[in-house]
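First chain A sits with chain B, and in the next complex the same chain sits with chain C.
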Partner chain A sequence: MPETPLLSVQNLQISFRGEDALVPAVDGVSFSIYPRQTLAIVGESGCGKSVTAMSILRLIPTPPGKIIAGEIIFNGQDLLKLPEKAMRRVRGGQIAMIFQEPMTSLNPVMTIGDQILEAIFLHQRLPARQAVKLAAESLRQVGIADPERRLGEYPHQISGGMKQRVMIAMALACHPQILIADEPTTALDVTIQAQILELLSTLKTKNNMSVLLITHDLGVVAENADVVAIMYAGRIVEFADVYELYANPLHPYTRGLLACVPRLSQTNQRLTTIPGMVPNARNWPTGCRFEPRCTDCKDEARTQCLSHLPILRQINERHWVATFSAPGYADAKFTLPGLPVRRNKTPATGRMGATD
Partner chain B sequence: MTELSAHPAIETPSTAPPASYWTLAIRKMLRPWLVKIFAAYIAAVLLISLTVPLLASGKPYAIDIHTGNGWVTRYPLFADLTTRDYLTFIAGAVIIGIVVAWRLTRVVEMMRRRSLRLGIAGVLIGAGILGGSALAILHHNRFDGTDYRALIKSGMAKNAIFAPIPWGYAEMEPLSKNAINELPSWHHWLGTDRSGRDVLARMLWASRVAMGIGFVSQAIALSLGIIVGAMMGYFGGIFDLLGMRLVEMVEAIPTFFLILTFIAIFGRSILMIMVILGVTGWTGYARFLRAEFLRIRQLDYIVAARATGMPLWRIMFRHMLPNGLTPVLVSASFGLAGAVTIESSLSYLGIGVRPPTPSWGGMLNAAGNPATVFHWFEALPPGLALFLIVLAFNIVGEALRDAIDPKSLS
Partner chain C sequence: MLSYIIRRILLMFPTLIGMTFIIFAVIRMAPGLTTAGGSFAPGMLGAHQAQLAQQHFMERRLHLVTRNGKPIPLVVQYVQWINRIIHGDLGTSIKFSEPVTKLVLQRLPVTLVINVISLIIIYLVAVPGGVLAAIYRGRFVDRAFGISSLVLYSLPVIWVGSMAIGFLANPAYLNWFPSAGLHATNTSHMSYFQYVFDYAWHITLPVICLSYGGFAYLAKQVRGSYLENMFMDFTRTAKAKGLPPSAVLLRHVTQNSMLPMITIVGMTVPGLLGGSVIVEKIFSIQGMGRLMYQATYARDLPVIQSMALVSAAITLASYLLVDIAYHAIDPRVNYD
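After this line comes the complex of A and B, so read on.
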């Protein structure tokens, strides 16, 4: 029996109110996550990856944000149409989220225990004693020593890496089906990063949950993701399972990103860069948004790139891409990106990037 | 004294409960000895204002009186207390009880602590309400015009236990004794005023008016300011626009003249003054809290709280308010000083509380009355008390502001 996606986002469009016009941040994003899978959304700052993640839990401040179109289907219901009260049950209960800045993600005037207990009581009816036990247990699960004592401490008494562990403990205390991790390691130093990611993947297996990992670090992706979506200027430009993507990157942007990753085997000192700048969201080009920086589109192919925006099409079983230069793109059709695959071993392309 | 560090856990043994942000701030605030003294002064005045009916009264706590059936023990002071006095005691006892229970339960393990605290608070408040309403129904205080000192002198009473200051605020020495404008003595520690009333007793009773007006009016103002400010800051948009216009409108009202007008129309009433001060005094608090909420609402832990599915009211009042309250409390201590000043100004003008109820402003007025001889011992105590309490509120407010200044909290 084919698996059904746990969460699917379809044609999501989000804009923010600028000074005089609506500025699109996310422009027609579609993807799906299957159970027990890690989907990584990769892109540079401002490409809309965090906005996409936040919109799943409807955490975009409105105004200035506005969801123009799209559906976010979770367990058969459209989260964007859910009443606020039902939405609150989803938040934290079925879909949990951890954030980029562990230093400021805990309330400074409440003890860690009070904050975890609060999260537990929001979604579970438990006697107090059992809830404390659960809170301590979830702290132990994320590798915090002496959890009973930590429960009574305040956030200023623990380190940044420990705070991120507490955030994860809090997110997992109610056994969510999906954990959205919005750049969970960006603010941490490299050794702690590795520990936290290791912890996330252990807990993912243990708790049978899916992870939506937002990151800009391809090294992190190679080590942790099953499926990767590359975002550029508000759109997904490439979607593939992690082996396929690293072995056979089709979009020129993806190739550029992979070329940027420093390799231990390389001897030259300068890192490769992608020339040019991300276009301003206020006036995206009418054609392909990567065209000004693209190395693929030259000569006669360029007219099409300038006038038509390539949509994401499935060019083979495990690969979706949005570029005219990809082989077989012209005959491919749009389908909802999503791959019910799971990693069972470290890919050959792993152990690369700056996080090693 | 040990230096406060950013990581108190390193210093404190693991058995001690870790210090919360508030504990740290208050400890830091109280560090200078000057602030300690003034904070103690405020606490003392507050305590006196709550217990003054027991401290200064012409009626003895207990006395044996000779009646037709022999000697009978009576308790005139307690019989003479009004229902309002008793209710004040009960309220004070409940509040102090909750504070003490809060401090004592700090060492209790966390989850039991929460239920224990809620339980104690519930029991105390319940007992307070029950006792208070029972009292309000059952207690009738009769007017007791007996002069117990005369009774003792005539031998009709004995074994009297008087209050530390055995004078009521309106109790005059008999005209025959010609004890008006007496200098301080063992008999009257601060002398007597031009009507032969004990100045110290009046001083203590006057603290009740000052503290009452200060705290009640600022409690009203704080409640209004917190609600309006929180709404403006959290929701923004149209709430903010309309709320700020309301703030500007209320700020344009000259409070002092409004009170004068109301007194001219409705007569003098201390309750009315409290309400007017409260209803016009919330704007500063609302502004402060609005600014704080605008800042706090975009902080990560608020977004994180929303991501756990927390209801709105809980985010606003359990997560945002405690983080945004400190500047409001700083401003509240200045607000207290302001309310005390306004009350004494009104009383000085002779339109505050109704005589013979004493108030520091009224006593100053009486002392400075050009129709009588000026006596320093009548003017100095109320003037000094007023000066010190306003100074104390300002110094404590300043210290709190410095203590919560992030640049100094380390």
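After this line comes the complex of A and C, so read on.
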């Protein structure tokens, strides 16, 4: 019997109201996450990855944001159609989220304990003493020493890495099925990044949860993700399990990203860059949105790129891609991207340098 | 914390001494100290009587600054003044021939009552107004409240007060409110509730005049700080926990928006004691503002000096209270 996805996003479209017109931010994104799986969404700033993540919990400020179309199916129900009250039980209860900026994501005038307890009381019926115990336990779980004392401290009294640990403790206190981590390590320094990622991966296994990891760090992806979705200009352009993606990247954008990662073995070399700029969402090309920066398509194939937007198609069992240049693309069909696979400990390698 | 408060109180003394220098210097530099003067509206007194009164006041003022026909050196005057203050003596009013302490204690409660009530009204209107404006930013509620509070802010008190007396306290139009004073003349026959009702009835117009202009400033501040905190990362975290919007607003946003509101209270308190010269004059209320007005016109040196000193002291005290409140509300504020 095939595994059923825990969460599946289908044809999600989100726009923001600009000064004069609606500006699309996410344009037809689909993917599935399976239980105990880490799905990484990778892309550069402004590609819509954070907006996608926020929309799952319906945290996009409306206005200006608006979910135009799509479904987000979680445990058999469409989160986008859920009444606000039922949605609040999902938020923080079944799906929790941690953010990019641990420094400002905690309320500065409330103790850490009160902030964790607030989450616990919202989702669990517990006597106060037991709730405090659970709060202390969740702090211990994220590796904070002397948790009973920390409960009474304020966010400004602890370091940035510690704040992110508190955020994780707060998110996990109610045992969510999915943790959405929106660039959880971007604001932290490198040693702390490694610790936090290690912690996330341990807790994921321990709590049997899925993680939706939003990042732009391909090194992080290689070591943590089961499945990867590459986003560009509001769309998923490539979707594959992590080993397949690194070994056999098909989209020119993915290949470009992998080429940009600095290699330890090649010193005294300029870093590779992808020429050009991400197109402005007000003014996306009619055809392939990567076409202006693409070095793959040549000659007559290019005319197709200019006039037709390549949709995501499944070209083999483990691989979805949206580029005319991929072998077999012409005969492939669209299917909902999602792979019920789990990684092993080996970091994914291939055309990327960081793990050389 | 306690040690901080004690240190702060001790630090207030040098500041206060500096203020006595400034007050003393500024008032001694003012013209008219040793000349005949003072305002007497012609017609209230006969010309001859007015001249006599002016002469009399001038003699009293001269008495303060000269001894046996020779001027007392300024340093000696200053030391004498400070010495009297330390002994709790603020001097005797030239105009009223009464101790300044007694005058202030008579007038202060009157001013405090109407000002505190109007301050409460300002907060009761402006805080919810500002919060609603932040929630419905850019929508009708926001614009309507913003524009109307700005219009009120722009109306001069002197015009509103005169209109209120002219139309609302005038037998020829609407005779809803008394036009002057704080009591009816027959208070001795009244029961307690009648007395309170009569008092409330008398202070209605003055309180309106004192409050309407204050909504705009506070409401803008409240709107601004709520709006800022509504889009902070911690607010998003609170929402992501599954908190209902009301709890996000009342707990997380409000806690973080308290500081500017407290700052404004701290800035307002010193003004409460000064009272409003204009409102007290329009409605013939014998309060601190009126006293200041009368003292200035009569060049009533001891009263002017004392009131300046008392305001300075109260200002310092209210700043201290604001700092303590900061500490209580925001754990990041640490003075030790």
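Please note the rule applied: the second predicted complex is superposed on the first by the 346 of 356 C-alpha atoms of A that agree within 3 Å, B and C clash if a C-alpha of one lies under 4 Å from a C-alpha of the other, contacts with A are read in each partner's own complex, and residues count from 1 in each chain.
FYI, contacts are C-beta pairs under 8 Å (C-beta built on N, C-alpha and C of every residue); 3 or more make two chains touch, one makes a residue touch a chain.
Here the structure is a predicted model, which is why all the values come from computation and not from measurement.
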Could you classify chain B and chain C on chain A, in the superposed arrangement, as clash or fit? clash
Which holds for A:96: it touches chain B only (first), chain C only (second), both, or neither? both
Figure out whether A:214 sits in contact with chain B (first) or chain C (second), or with both, or with neither. neither
By the touch definition at the top of the document, which applies to A:57: first (chain B), second (chain C), both, or neither? both
Chain B or chain C, by number of chain A residues touched: B
Quick one: is A:170 in contact with chain B, with chain C, with both, or with neither? Answer first, second, both or neither. both
Chain A residues where the chain B and chain C footprints coincide 57, 59, 61, 88-93, 96-97, 99, 101, 104-111, 118-119, 122-123, 154, 156, 167, 170
Where on chain A does chain B make contact in their complex? 57, 59, 61, 63, 87-93, 96-97, 99-101, 104-111, 113-114, 117-119, 122-123, 128-129, 131-132, 149, 151-154, 156-157, 167, 170-171
What does chain C use to touch chain A in their complex? 231-234, 236-244, 251-252, 255-256, 329-332
Residue numbers of chain A touching chain C in their complex, please. 57, 59, 61, 88-93, 96-97, 99, 101, 104-111, 118-119, 122-123, 154, 156, 167, 170
Please name which positions on chain B make contact with chain A in the complex. 6-9, 14, 17-22, 110-112, 114-115, 237, 298-301, 303-311, 318-319, 322-323
